[in-house]
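Read from first to last, the chains carry the letters A, B and C; within each, the first residue is number 1.
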Amino acid sequence: MIRLENLTKVFDTPKGAVVAADHINMEVPSGEICILLGPSGCGKTTTLKMINRIIRPTSGKVFIDNQDTTSLDTQTLRRNIGYVIQQIGLFPNMTIEENITIVPRLLGWNAKKYKERARELMHMIALEPDAFLKRYPSELSGGQQQRIGVARALAADPPVMLMDEPFGAIDPINRAVIQDEFIKMQKELKKTIMFVSHDIDEAIKMGDRIAIFRDGHLVQYATPDELLAAPQDNFVESFLGEDRALKRLNLIKVQDVINSEVETVTQQDSMETALSRIDRSGYQHAIIMVNEQRQPTGIIPRSVAQVSKGRCHDHAQQVPAIVNINDDLRKAVSLMLANDITWLPCVDDNNQLCGHITQRAMTHHLGARFRAQSGNTAPTAPLTEE
Amino acid sequence: MEWIQYAISNIDVLITRTLEHIALVGLAVGIATLTGVPIGIAITKNERLAKNVLYLASIIVTIPSIALFGIMIPVLSIIGHGIGYVPAVIAVLLYSQLPIIRNTYTAINNVDPALREAARGIGMSQNQRLQKVEIPLAIPIIMAGVRTAVVLNIGVMAIAAYIGAGGLGTFISRGISQSDPRQLVLGAIAVSLLAVIVDYALLYLQKRLTPKGMTTLPAAD
Amino acid sequence: MPIQSMNGMLRVLLLIAAFSLGVWGHASGVIDEFLFYLPDVQFLAVEHLWLTAISGALAIIVAIPLGIVLSRPSMARWAESAMQVLNIGTTIPTLAVLALSMSLLGIGIVPAVFGLFVATLLPITRNTYTGLKGVSPALKEAAAGIGMSPAQRLMRVELPNALYVIFAGIRTALAINIGTVPLAFLIGAGGLGELIFTGIDLYDPVMMLAGAIPTAILAILVDALIALIAFVIVPRGVNPARKARA
């Protein structure tokens, strides 16, 4: 857990005092990633760097796991916080192994232990230890270097990590890959992470919570979905972009919007049965046909059922598209648009039909969160400042 | 401070020797520029040749000047110029090659490839590119090389007094041989001041020659 | 490759030149005269190297800590003016440095070593300072961020990354040093300059060459030695002379 209390930084410049961070209060629960987001010069980096005293706070306190860090000496504090910076900052005079074991060596681990740890870390970041440990940073690609940077920060298994635009210097394709790898790693490691970014999409993808900064103030602190659903003011709204409703599609899973009541026919049913079930359920276009395991195998369009006789099996058409209940709404919308349809059958991991999702239901869901926001008292309520 | 009185009473000798010093270094570095710059440009076309030329030039600079004089005197005495300003000028000429060739080569090689492509794109020939784009951009760096050469060789020319080349080193050599601290200190201070002043003057020139908009001054070495 | 054939031709020419030089030398008795100076050359070369070794070692011992101190952030206010002074210092010709040293300390080994020391000190201090200042701020921040103490940052990160530049300074400085040692004879310190200057005074070409050629060879050898030491000592990851594996 990281808690900031009235954390403030005032820089003395020739043009007078500049308040880079003004009484920042926030708390990141253990195991969560908090993204500090905002335009350049908003105070997000200053706030981050005050936590490990790369920048000395003018006033205010930093608590880590409820311990006031003011009492810790700077080096002890820093050795217990993983630190990743945009420029990576691998030491070019050291091999990869020396780089990632630097903190364990500073902490006095024995050689056997830290060498073992190096191999473990390399597996964690999906780089072959034998191929890389003895090489130098200049021999690696940018993406590989940044993975090593993350490994170095994780080396002594610190409970807390600070990351300053860690993936900012990597090309978009590699960045997405590294982000995914990192999310996967975090699911197991459950570090408490503060992460500076200026990229709203990265923030939504990586963050459990997002803190929006402006002119040294913390403007809004909320989960990504809350933030997109209910931006606090015009600044946040314009920062998030006019397509913020679309961005929410990434955050909502099909199972959140699914309608689990769905009529079906079996392969043995007659076409009359199909037509009567379509009419009874009020479906406009078609009905799904399933097999014995309740896996969708085809659809019977209404127009076909009206004019044909015999068993469904003989008249069924291919299912145009199916989504998994764990997919996000972005994929569902994309499938609907691509196939020119307004609903999709939904299946679970065993490919069994468990419901359907409609365009209307999605629109309603997105709107509902927005309407309910005013009275929201959910446990994830934003912890904004006064 | 006897040396100041000595300087004042011998002001005409001081001026003559200073001018002599400047003239000899100026002449030699001038010729060196005329040879070094074309060589520097020529070797940009061939990396291997460039490596060899620069290596050779750096070996020459490593040879101590007095040793170079000692080697040249017997050779030049065959044509009757063993002692005097000729070996001194040749030595300066040789020592100047490295800074001038190296800086020219680096400057031309470091011209932004995008600029070069743009020049090609608007239809400039290779010679036009060299004249209109590459050399103008390289001039400040070449100047820096010339400056290095001049400052280095003001020192070399001082030593050349021992082989009869004249210049401010004569005060030092006489000061030592006649155990005259006035001449010794005057020579040392005069030649030091000359080096420092010329260094600053050429730095000023180098800045003036830098095209507006190119603010970064590349290092001399 | 035209260059390769040029190199080959150069080698053949050199062989021919060396051979004819040998024939001429033998015929004219120059070689016998050289051999006459051999004991002198040996003695003076050792003296020559001692002067370089003592003044060079002293300069390195003083210059590197001085450069380190000047590069510390707390010295930032003084450092730039100090560098200005050092830069002016390096433009002063070495003969003038020796002459001034003599006018202060008189004749002998001590003023010679002192003069050589000053001439060697400046480039090393300057390169130590610029080398350390040139270490990327990102590296220093990373080193601080993972909890290194200031001393650890200096020893493990800053110095190793500045080492290549520092060695370049040592190389330049020792080239200046060994090139100035012959002049040290003028203020009474011995070395191979004795043969060169006496040869000039007596107009004895063989004596001149007996001093000049070993002086030149020593200078080139010392330069190569420093280059070799730098090649070995500077870590591979920050050593441009050692090609990184792709």
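Simple rule for what comes next: a residue touches a chain if its C-beta (ideal position, glycine included) is under 8 Å from a C-beta of that chain, and two chains touch if they have at least 3 such contacts.
Keep in mind that what you see is a predicted model, and the values were worked out from it rather than measured.
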Chain centroid nearest the full-protein CA centroid: C
B-C or A-C, whichever has more C-beta pairs in contact: B-C
Chain located farthest away, centre of chain A as origin (C-alpha): B
Inter-chain centre distance, chain A versus chain B - centres from mean C-alpha coordinates, in Å: 63
Centre-of-Cα separation between chain C and chain B, whole angstrom: 20
Chain A-chain C separation of Cα centroids, rounded to whole Å: 58
In the complex with chain C, residue positions of chain B that touch it: 46, 48-49, 52, 59, 61-71, 73-74, 77, 82-83, 151, 154-156, 158-159, 162-163, 169, 172-173, 175-176, 181, 184-185, 187-189, 191-192, 195-196, 199
Complex contacts: residues of chain C adjacent to chain A: 136, 138-139, 141-149, 152, 156-157, 160-161, 163, 235-238, 244-246
Chain C contact footprint on chain A (complex, rising order): 52, 54, 74-80, 83, 85, 87-95, 102-103, 106, 135-139, 152-153, 162
Residues of chain C defined as touching chain B within the complex: 1, 3, 7, 88, 91-97, 99-100, 102-103, 175, 178-183, 186-187, 192-193, 196-197, 199-200, 203, 205, 208-209, 211-213, 215-216, 219-220, 223
